[in-house]
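Chains here go by letter, A, B, C and D, matching the order in which they are written, and residues are numbered from 1 within each.
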């Protein structure tokens, strides 16, 4: 594993826990964790349960003792590491977004194809049991042809204008703000459940354009330093999208998608609703064990949404955990991802979301940015 | 009152009830109801509580016994009736949308100004106590500068492809479908609470393009006739909007607005959320007595939304009704509108939403339609 | 109508509105309203829409121009008025609770039987569409045998210890506090939906035993006077109940029932849940247009409660109102009651809840009070 | 650890995870897991992450290599194992209920006192962040004096009469049914948040008195065998309780408490609401990351409950996990318990809930059973 920030903690937990709950087709050995700072990475190693700590990612990536490379570094370095890992024949699990732009994403896609390594982008929300179950319902036709996708990803962690700068608020390190961080998830969910996106038009805004400088780091945040710094990424963004014709999407199907870090009261409100010809579904991550479902064909005097607690043994992944009603949380989505990836590697089977999915997501993000300049609808690059 | 359909019933009830609950500055006399069919209008008169029934709207509008004309006819006839009423010096209460296009709306606006008659468009949702209270909160700065308006108006009454045609599904009678019927309400709410809209980009779709012909009318619906007919209005629509700079709107403030009649499980889901620099609000008509409110400045360990039941004596309009917790319904919004209008007429004071509001709403609707052709952002006509 | 307080307003509205919405088998004439204070009753007459005002209830009750007597006075006077009305051959609609004790209730029951007059106790919640629909579901077996009834009626209007005394807080005028006022409703709902109650055990408490004296009346409340006065009724109460064997109740079926005026945050939280062998239902008046329903026999991967908006034309009473999703409120329950009562009188058919229901409710209330002294379970008097 | 069933899995996970998230004052070594069946316990050892597997619990309990004994066996064996562990000087973490009756619970309490070992009963819900936070709010006076506790623990796993027998449905292995299993949790929560219980009256029912015999075990359930067997425990139970005077409980404070395994639609609905003189709180485990809170002293036009997502760094335990809004699940409550217990052992500090809490809970359970025979209120044994 390269990197040991927030995602490094979540991924390490997944590697540590997976074999205690899921039947795996290979034995997991948590070999090496890698970071730039010797003392920090050693502390992370001890804390997170790895055997070795390294500071040279190239060395680790090329080590013959390693089969899988898990990339948890900041967005800007994904491409370089993934290219090296593919070249070294390692299977790759990469945090989202796959790359800062679609040119880089396509290089990565070409590399994993050329070197025939298993590859996945960690769109962890695909493996929330409720969302995985929604996918089953849609694929089995329970919603009919899908017409609307309505996604919002609402947070409020930078609502306070005194909240200081950090790497996520700078273009050079983060690429973009709410768009790349949050819309990336909504786009992937829309693609996963409805289908490919053909065209978009949208906007990005930076409502709080200047913030106090960053002081001392404390965990994921920092104290406030002296003076101010310009924020160079968006803090809110919205777009309309038209879906490409597909198996699940009705002709004319469209999406409204919005992400913001300035919605007081919402913490991790990753929400969507889908309306199809035969029914509707909605989901919000803050109540991640629940799925709202309406079947249009129910008795006319019993219209409405049912709150399904997706904690039955028959729901995806949940059978590995606890009895019904004994809910699970955020980190479980990573355990599910790692479980599927290990089995994919062991059996030589593809694991979604793969680098093609990752690249397509980047292309949609890019089209929205382009639409701002074009002041109108822009076609999404057709990556294959 | 001209017309006696669904809106005629709701307006009649309002005229009948208002004096029993609200202190009025004038006495109400429900003089004449007017419609084309003699037998039908006579039945409506008896049922709805009017003294006289007429079949010639011009005669009624010009009668010296009449002070106020209430226009509840189908959208296409609003302009002609309102022009005649203004000319006759009558105060006018007109159903929304004010007119089929902004040219007609501006004519109506010019007429009421020229003849100095009190005028209002019945955007009844402005007088849901929860929304009127939201307006007070916003105007007193409790939400700070507003950044996001997120509105959806979801219904499902034509989800069944076998649901037959009616006048609402034909362009010549309805003007448009979900856009003019439902988005008109969302646009008015956005304008009422946030401010004027400057630019839009959007889409309209007709997912079910052909339907069984209309058979015999039964109340608001009809039996299924033989053969099919082309649907000539949209059944779903969405757009992005940028607000004009204003008192409540932050620079860069935007809206996402969507309306559909094809969202299974939603009956009259007129919903919006507003995020401001100091807090958030949300509302859904299906739970019209409630307002969700988050104050960003609450204690850090007590973040979140409060469900405020807007049934206190201190909430707008509610003091006239029942003790707290004894909820009210849809028709009350019309009673509140009529109460304010009567007092406005009696005291010579303006009553929102006036014809200027009505015309501006039509202009926003038009800009969205224009953006479809333009394949990009379109400026909203600046009506003054 | 005798009395013109809060209930007088609600009943008058019902008599005024009913013919505009419901097909009636008799013509309604709002003849006389009666009260002790000449000026007040005259003001009420004008405000509430009655033709005449009287101050001598005996005279009114005996008038040959009157067919129906509607008793809205304070609880202590119900018996005397009802006995006189029955003797005069009038059909009687009486506010709940029927009487202060079961001895008086039985006298009233005997009188309406002897003089063969139509009689009803206004348990208005029976005619919330959602509850009337719940009754249909239960009677058609959709919930199977009922095992649990869990009712709470939570308010907070006297939470503030500075809230002054009023007639509802004195034993001589109100009979009891939360018990007679709120539990009476829960008991009636339990009896309506599940069946007769055979035995109870419970408690009553007065947490705030002294309050400021009452000052000047202002509407339903009053200013604070000088000095304090002892509160002589309960402000909170709870009991367990065992149902008698019956058509809907399973052997062993029991209820938990609680009412309080000291539950901060609840305004009119008249809530119940019922669990049966085949499904569950729950309802809360603050969201009175909704019913929560779970069918145990749904697909195992789709467990949970559906939120049914009871606003379809097929739901009880709703067809008379507005299109689906256009919700109704508190006062509508009285309109539905009056509609059924008028038709019952016109056609000579019984209208539930009748005086037998009212007397049985009083007997259950009494048994709970008796259980406090007995420190154990007490059988409910078997009124027939 | 003795035992490796459902609770064994949950406890093992806690021991495994705790050091990766919480700063501990001692190093954890997962030494030995113990069970009767050699093959099963060896499989559990491998799956759950223990070093050694044993089949003789006495040997394990007395081993000088062991400091802490974790008792996860069936209820009937808790006493014997705990007595032996205490005698051997081991610190003890014991699953609830502490013992089958209060006589045995008092023996256990005496033993841990005599041998001065740290002791805790795993009432894991105390360490749901939302409940731990509720405790802080109450102890700091934010709810004022507490008047009502309203607890229901609703499940539906034996709603199907064809669900076969298992050890939880037999008196000799489980002691009791819904009462000991579910009410035990509610009683502990009531005691934790409000205070000691002085008196109770209640009932127990067995609605489904006979079930198919148990067939082959499959995980936590089993296939259906041939023939039927009598169910010897309750499947539903309810009681009223009066609190003893205390720091948080108002004079007269009472509780309604109900548990059932026959409430279709509820999976693990461990719910309570508390009303105090200054505010209210409610919680439901199925949405365990949320707390509903009403402050009576909020502005009069802003009454109501706030949905607090208890996922801030400032909420109890949550700081060790993920950013706000990234919710946690059931198993985390055990990790929090184990974390506190380890630190209690390391520093010689008491850890609640201790064996006194466990014994008091058993005494309340017993009083309810006794009240059934007594047909009235019964005092709870005063364990000190």
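Definition applied: a contact is a pair of C-beta atoms (placed from the backbone, for glycine too) under 8 Å apart; a residue touches a chain by one contact, two chains touch by 3 or more.
The structure displayed is predicted, hence computed values, not measured ones.
Looking across B-D, C-D or B-C, the interface that copies A-B in more than half of its residue contact pairs is found at C-D. The greatest centre-to-centre gap from chain C, using C-alpha centroids, is found for A. Separating the CA-averaged centres of chain A and chain C is a span of 54 Å. Our note on geometry: chain A versus chain D, Cα centroid distance of 36 Å, whole angstroms. Rounded to whole angstrom units, the spacing between the C-alpha centres of chain C and chain D is 40.
Listed for chain A are residues 266-267, 303-305, 309, 324, each touching two or more other chains.
Per the touch definition, chain D reaches chain B in the complex via residues 133, 293, 300-309, 312, 314-315, 324. Every residue of chain C that touches chain B in the complex is listed here, in rising order: 6, 10, 13, 16-17, 20, 47-49, 155, 157, 220, 266-269, 285-289, 309, 311, 321-332. On the side of chain D, the complex with chain C involves touching residues 147-148, 150, 152, 154, 156, 159-161, 201-203, 205-207, 236, 238-240, 242, 250-252, 254, 256, 258, 260, 262-267, 273, 275-280, 294-296, 303-305, 374-377.
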